[in-house]
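One chain, subunit A, links the two complexes that follow: it is found with subunit B in the first and with subunit C in the second.
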Partner chain A sequence: MPEKPIKGEKRYFMTGNEVVAYAALAAGADIMYGYPITPQNEIMHYWTRMAPKYGKNFLQTEDELSAGFTTVGGVLAGRKSFTATAGPGNTLMQEPVSMAEAMRLPIVVVVQQRGGPSTATVIYSQQEVTMTTIGGNGEGFRIVYSTSSHQELFDYTIKAFNTAWKYRFPTFILGDGYQAKMRESLTMYDPEERGISLVPAEPYVGKPGTPGTDRPPEQYRNTYNVEEEIYEVVQNLARDFNAIASEVAEYESLAADRSEVVVVAHGVVSRAVKEAVNELREAGISVGYFRPVTLRPLAEKELREAADKARVLLLVESAHGQMARLIKEAAYGCKAEMIPFFKPGMGITAEEVAARVKSILG
Partner chain B sequence: MAKAVKIVLAGEGGQGVQSVAEIIAEAANEEGREALYIPNFGVEQRGGVSVAYLQIGDQAIGSPKFLTADIVIALSDRAVYRTRKYVGPETVFVYDAGIEGVEDAIPKNARKVLAIPALQVANEELNPRVFNVIIMGAVVKATRVVSEERAKDAIEKKLGYKFEKNPELRDLNFKAIDRGAELVAGLV
Partner chain C sequence: MSVQLAMPKSWRIDTKPHKFCPGCGHGLVLKALGQAIDELGIQDRAVYGCDIGCSLLSWDFFNVDSIQTHHGRTTPVITGLKRANPDLVGIAYMGDGGGYAIGSQHLVNAAARNENITVILVNNTQYGMTGGQMAPTTMPGQKTETSPYGRDPQKTGYPTQGPEMVAAITREGAYVARGTVANPKQLKGFIKKALENQIAGNGFSFVEVLSTCPTNWRTNAEETWKFVEKEMTKYFKVGEIKVPEPRHEEGK
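After this line comes the complex of A and B, so read on.
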């Protein structure tokens, strides 16, 4: 049995779903649990094709609720476990994700956003931001990476497993139908050959020895009897999450601290924004961009700095204000005027962004 | 900085537009160029117009889809209606000369409109099976995103296992590339 799925570094040309399956293998994932939904299906297809060759497992469940809970179970057993979903599947997944949040279980979930609400389209959107960052009956103690290219799908899927197991919060890769289905190039590598060490998994339950005699007993709960108990649990979760926030938060920016207009976008839309901003800057226009890579937690300090120095933040997304809500909350009280450019469920091009910036600047 | 060349290919399901787009994208990638290809996909499994969006350039490519193409190739009547929105003043609009009843739908704002007899060439000179390869030759010639030689290499890579068994297929496919290129030579 071959030990490593990827040796050395090599350029590939493939779909994003295929990239995710390779990245999960490279990250040392042990098992995928899943239920089919477009546009993430091929993650399952490629995983089931490749996994047996490397001694990895797959379980197809009866729905996304079950896929989420079995992923939770895999993690409790000490296996690097993940699932992938989209749209209405993501909605069902919120219940098990809440459990993972309550119990600090490092599940990894890949979301390929499709149009909403409801069944809507199987194509593309950025309309699963609210649900992925703060969905479920909890407080959103999760880590969400919003990728924009196949290279990032590979890099951040590997990173997601490390982040999850290091910090023990549920961790998401938030992609979309475009990233899922398009083909472009990327370089794949074995993370350990690049000096990225893989954080080991460990079981939560079934550890050796007698609890209370050989080791302290492990207690994991998602049910509480009195208000004071849950209050303390949530306060502790909040404290721990806030403590790691600045360490986990990632962003990318260009001239965000010295431009009249700063365009804010995440995920695949940030590609169009970068192209537009670079072109406008070549023409001497005072414009920059700020792209949150993590939507949860956000790089608040840097975002607030941009929002205090710019005259306008142009908020661009393929949703009706889901990223904007996060940005407005983080930048509360900052000076910049927030102008929306929302195209729910539709792609956004560099030309459209450039035209909007020009119209703002008059 | 030169912008990426933007191509829209559209036809009926089964006409092979997705294969053409994918092979050209892979050929460009093999040359070390930046390529991005995305098919349209929806809830319908068959019966719709199949559209391929392809961009090839030398720098990182922006959004996967785009508003205006440099070249639009429509291979059926419905594809003409579906793709006319991607036409702007700089766009070359190519359609098969055999498509009937679309006179009113042919975009009037294109830089150039070309009706090429690809279907006729496929049926009368070569083989209906290489219709999409003729289209590939035309696209490659018209856009110069990859050389015709590179396009042939890409086909060899894709279908080489079939060519091994039946070398005549290789000649047929390569001839289709050449004939496709001839259909647009000097016209774009």
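After this line comes the complex of A and C, so read on.
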């Protein structure tokens, strides 16, 4: 049985879902649990074709509640476990994610966003930002990478497993139907050959020795008797999450510290923004961009710097202000005026972004 | 010289006395489970999962690695665990609300897939932790907080026949039984067989246990035993419902 699906480096032209399946294999994932939902299905399709060849497992569950909770079980057993979902499946996934968050279980969840509600559309949407970053009955102690290209789907899916197991917070890849279904070229590689060491998984339960004799039993709970107990649990989660935030947070920017208008966008929309900003800058217009790669935690310090130096932050997203809420909270009190450009569930072109920037600058 | 306590070795003594109400049946079920774990010598590889509801009070009950999950979700957590590491012995412990109502899709599908786990479901005919509401297992005419004039089967159906349902949808190899806290010795035997069946890799193993809730039934000791022994057994027949075919290894 071959150990690795990818050796050396090679260029590929494939769909985003296929990329995710390859990346999970490259990251050393052991088992995927999943329930069919468009537009993530092909992650399961490719995983189920490749997994047995590398000694990996798959379980198709009865729904996303089960997909999430079986993923939790896989992690508890000490295996790198992941699932993928979208839309209403992401809604159901919030319950297991709440458990994982509070118990510090490093599940990896790939969300290929779709327009809501229920069936709605399955192509282009950024309407699952709020749910993915702070959904569930908890405080949103998770890490969310918003990818914008197939290369990033590959790079960040590998990274997500490492981040999850290093910091022990649930970790998301937030893509969308467009990235999932579109074909694009990318370079795939064996992470270890590139010097990226894979963080090993460890069991939470079923460790060696007899509990009570050789070691104390491992006992995980979400039930607390008094307010002080749950307060302490949440305070510890908050302290740990805040402590890693600056280390985990990632962003990209161009002239964000020296432009009159800074366009803020994440995920696939940031590609249109980059193109627009580059064209406008060539024409001598004072514009830059700021693209959060992690939506949770945000690169708050750098964002606030941009928001203090620019006159206007133009917030562009394929949702009705879900990213904008995160940005406004992080940049509270900064000088820039925040101007929305929301097209919920719709694609956004570079031309539209350029036109909006020009109209702001008069 | 310490006094030898009549507790299973796998019980965690520093969490005793346990947290259940006086007269609750959970302690008897967990004693049977503890004895079965002791007799099979699986304390080092058993993983105990408990649900929401009164079963959650057992999260630190055993000297066994344990996970307290969400309401109805113990079956998928133990399923995921067992799929990821088949060397573990997965035990999912829940009430009738967790198993037959909010988690019924998990129970049905885990059974249909013949997941190699052991599910122990405690049936006390109502939701205990939330204060005695009607459950899928509430008896016809039984008064609960949400059926204050008695359960009317014309409006809300008859009690769920859980083991019979599980027996109907599982393949040969599955083990299905209904025990009762009124017969702890028999109950221990059922639970032990359900664990042995998992260890042998035969498939889904399910034990429903008729249990007591004097707090919400508002019954004294005599009435409590009468209800579990005489009333509940009118609808819930105690015994083995599905037994795997003999394994050829057994002749050795």
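We take it that the second predicted complex is superposed on the first by the 357 of 362 C-alpha atoms of A that agree within 3 Å, B and C clash if a C-alpha of one lies under 4 Å from a C-alpha of the other, contacts with A are read in each partner's own complex, and residues count from 1 in each chain.
Assume a residue touches a chain if its C-beta (ideal position, glycine included) is under 8 Å from a C-beta of that chain, and two chains touch if they have at least 3 such contacts.
This structure is a prediction, so every number in the text was calculated from the model and none was measured.
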Subunit B and subunit C placed together on subunit A: clash or fit? fit
Value for angle(subunit B, subunit A, subunit C) over C-alpha centres, in degrees, nearest 10, is 120
Notebook entry, point to check: With the two structures laid over each other on chain A, which partner does A:Leu65 touch: subunit B (first), subunit C (second), both, or neither?
Noted result: second
| said: Contact-wise, after the overlay, does A:Ile123 reach subunit B, subunit C, both or neither (first, second, both, neither)? | reply: first
| A:Gly288 contacts which: subunit B (first), subunit C (second), both, neither? | neither
> When the two structures are overlaid on chain A, which partner does A:Glu275 contact: first (subunit B), second (subunit C), both, or neither?
Replying inline: first
- Based on the superposed arrangement, let me know which partner A:Ile348 touches: subunit B (first), subunit C (second), both, or neither? first
| request: Considering only the touch criterion stated at the top, classify A:Lys181 as touching first (subunit B), second (subunit C), both, or neither. | output: first
Partner touching more residues of subunit A, subunit B vs subunit C, is chain C
Overlay on A puts the nearest Cα atoms of subunit B and subunit C apart, in Å, by 26
In the complex, subunit A touches subunit B at residues 11, 13, 38-39, 121-123, 149, 177-178, 181-185, 268-269, 271-272, 274-276, 347-352
Seen from subunit B, its contact residues with subunit A in the complex are 22, 25-26, 29, 34-43, 60-68
Per the touch rule above, subunit A residues touching subunit C in the complex are 30-31, 33, 57, 59, 61-63, 65-66, 69-79, 81, 95-96, 98-99, 203, 205-214, 217-223
Residue set of subunit C touching subunit A in the complex reads 10, 12, 43-45, 47, 52, 56-57, 59-60, 62-70, 73, 76-85, 87-88, 105-106, 108-109
